[in-house]
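Structure first, then comments.
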Amino acid sequence: MAAAAGLSVAHGRRPGPAGPVGTAGPRLLAAVVLLGGWQALASSGLLFRDVVPPLQALAAGLWAVARDGGFWADARVTGGELLGAVLVGGVAGGATGLLLGSSPLLSAAFERWITWFGPTPKIILFPVLILLCGVGPGSKVAMGAVSCFFPMVLSTAAAVRGVDPVLLRVARSFRARRHQTLMKVYLPATVAPLLNGVRLGFGLALIGVLLAETKLSNQGVGFAVMQAYARFDMPRMYGLLILVVGFAAAVNIVLGHGARRAAGATGQEH
Amino acid sequence: MHRLLLAVLLLAPFAARADDVLKLAIGQRGNWENSVSELGQEAGFFRRHGLTLELLYTEGSGQTQQAVISGSVDLGIGAGTYGVLGAFGKGAPVRVIGNSMVGARDLYWYVPAASPLRSIKEAGGRSVAYSTTGSSTDLVVRAFQRSFGLQLKPVAAGSPASTFTQTMSGQIDVGWASPPFGMEAVQAGRTRIVGRGSDVPEFADQSVRVMIANAGALARKADAIGRYMEAYRETVAWLYADPAALDAYARWAGVSTALARQVRDEFYPRANMDPDRIRGLEALSQDAVGLKFLAAPLRPEQLAALVRNARAER
Amino acid sequence: MKVGAGLAGLLVMAGLVALLQWAIGAGIVDEYTVPRPTEIAAALPRLVAEEQVVSRFLVTAGETFAAAGLSTLVGTALGAALYRWPLLRRSFEPGFAVLAAAPLILAYPLFLVLFGRSSATVVVIAFASALPPVVLQAVAGFAAVRPVLLAAGRSLGLGRAAEFRHVLLPAALPSVFTGLRLALMFGLINVVGVEFLINLGGLGALINELSERYDLPGTWAAIGLVVLVSACFFVVLDGGERWLRRRG
């Protein structure tokens, strides 16, 4: 059962209803400490000011980027590529993980290769992907999908292996065929950990898409970041990165809610 | 009769010749050297020759070259000559169609204002930046050591921005850059130029970066690429003759027109940007061996096969 | 049977490599983008002789070990703290989920300035990138421990500390090992990625240099060495986990 936790965050005892008042205190404190520490570091003059700018400069950069129509056009491009990457990588990774997790034979044969190839930086494959998918958004989608594929496989396989054996025995006693077992037992039981696997894969897909945009492109947020750094416009670069993190945060919150709801719906919380 | 008229009317828009599309990979957007294609397109030079350019920017010469070799783009601008020679030597489908930059006059080395160094000749024992192995900056730093009898500590610091970060935070003593990068800091007195690529005479007559084409694309689109070169020449002439060109560049690069003029006049003499002036390939081919780009220097017939530029003087 | 399956997997991988060799020879795959596997293998001895591959291998492995080890230790401790104090968990767990998706590697100029042009920067970026997934994993692992075990511990009169050592930690050990696996994966990706980006140190810098030199067989051979680092770590990890379970 503990193995089923895999990469799940929704499993396990929930520490009571999440009261907004309660969490505000620690979060505020953490924010004050972190921001205050940064400001102190920036103002101390110990570090190169252009790269460690004070909060005012960061705010100004952020504001300039948010007001720039060009940024939102870039953001739409990157967002589209990211969506494609998560869909392709998530579905492929999930399906492969499902296969590996439900078959000890396949797992013993192939899972270690996925684990070993997982940590290689996929950006090396980018020239091959450009060859296959062209110089446009296609290669960026492919890059993100490849980056997202590996953690999806591993987390899905772990989740599948953690499915309650009782459920599987029940399915067998009903003489369920393989695809019925997959659809009616494995899939519902793993939706919550799957969604959390997607959260993790999403992060890697984002990095993959952005890095690909820094390598060969003429649009997208990654391209904008590279341009900003090339001109040493650090406030703009930080503004872009902050917006990217903000976007990642928003998606994460949505996916987190979805995972909790799915876990609740399938009765996996205890 | 009516049907014929209708057919002619319907087909008329398609009778006009559609522009040929060429895909380009270009490194370091914002550089004067790399501005020709985009500024020329904006000013209509390429359109006049029936061309539409799709421009993609890369992080560096290696990316540019790989994109051309794989056929993902048709042309590459600003590809390091050593890399191109090495790839061609290994049989890669790449050809040189023009010169991107002769000499190293566009490169400069600088220190933070607080540094005691006044000239690169005083930098013995210090760390000096270059971008990557085999790049023109790498070669100039080696040339500094030879010409001035110095023992330097060369550091592969990467792009101008990355180098600036490391130099200004004291991790490297002498940084490198290519204008307009860093010029505002020089003018504001935050940095000081201590050396120029033109200080060492070795590369003054060598094409350190070239314009390349995918061999297959060259065969299929020979006419279009020929027209590209025509438009390129016209754009270069315009960049050095018309004040409006400086304004366009200033807008594109995000600098003032005055700085743009200074950058162009001091660092980029027109002769160095002449696309037909492909120089010094034999000598570069010899050096490429020492830097492990080639196993053996290219033979004259290989060099002849490599260069596809009718007007080139070798 | 497991050994047989493992062998079958190896044969399939070898078959794919052979297929690639054939496809390149037949012109289906561009040989100037993907070199023949035989050429890649031939490049290995050259790399060892000319490019100090062994010392680079050790540098990358060392940086990965440091980053993954640190992030596992700190991450598990943080995870335990979040589990122990539910208010902290409610406040900060979502934050860690956000950080897990943040492209920290893109902020490498900041780290360069903070930690200098050295292995320290590489390790710090890799550590910071690997930490959030480990924390999330640890919290989930502790929270998933079967309540009956905790109840048993309490009925035996175990205090908090003893409960952690004798009930929580052993029960959550598989999760901790999953966390360590994640730490290794994120750690190695980021170590090699940062080395590649700032051209410093181990195998990542070598990959960068070789690709700039258009030495494709060498580049792919160096990537193969990264896979080897990865395989070494995971083999050791699996062995360690099995040994611990036997002691159990």
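To keep things simple, chains are lettered A, B and C as they appear, and every chain counts its residues starting from 1.
Please note the rule applied: a residue touches a chain if its C-beta (ideal position, glycine included) is under 8 Å from a C-beta of that chain, and two chains touch if they have at least 3 such contacts.
Just so you know, these numbers come straight off a predicted model, no measurement behind them.
Counting C-beta pairs in contact across A-C and across A-B shows that the higher total falls to A-C.
In this assembly, B is the chain whose CA centroid lies farthest from the centroid of chain C. Centre-to-centre spacing of chain B and chain C amounts to 38 Å, using the average Cα coordinate of each chain.
Chain A and chain C have Cα centroids lying 16 Å from one another.
Between the CA-based centres of chain A and chain B the separation comes to 37 Å, rounded to the whole angstrom.
For chain A, residues touching at least two other chains, in rising order: 47-48, 51, 127, 131, 229. In chain C, 30, 33, 109, 112-113, 211 are the positions where the chain touches two or more neighbouring chains simultaneously.
Among the residues of chain B, those in touch with two or more other chains are 66, 70-71, 161, 165, 169. On the side of chain B, the complex with chain C involves touching residues 60-62, 65-66, 69-71, 83, 86-87, 90-93, 132-135, 155-158, 161-162, 165-166, 169, 171-172, 291-293. For chain B in complex with chain A, the residues that touch the partner chain are 23, 25, 28-30, 54-59, 63, 66-67, 70-73, 159-161, 164-165, 168-169, 181-182, 254.
For chain A in complex with chain C, the touching residues are 1-9, 11-13, 15-16, 18-19, 22-23, 25-27, 30, 47-48, 51-52, 104-106, 108-110, 112-113, 115-121, 123-124, 127-128, 131, 150-151, 154, 158, 199-200, 202-203, 206-207, 210-211, 225, 229, 234, 237, 241, 244-245, 248-249, 251-253, 256, 270.
Those residues of chain C that touch chain B in the complex are listed here as 30, 32-33, 50, 109, 112-113, 116-117, 197-199, 208-209, 211-215. Against chain B, the residues of chain A that register as touching in their complex are 47-48, 50-51, 127, 130-131, 134-135, 214-218, 223, 226-227, 229-233.
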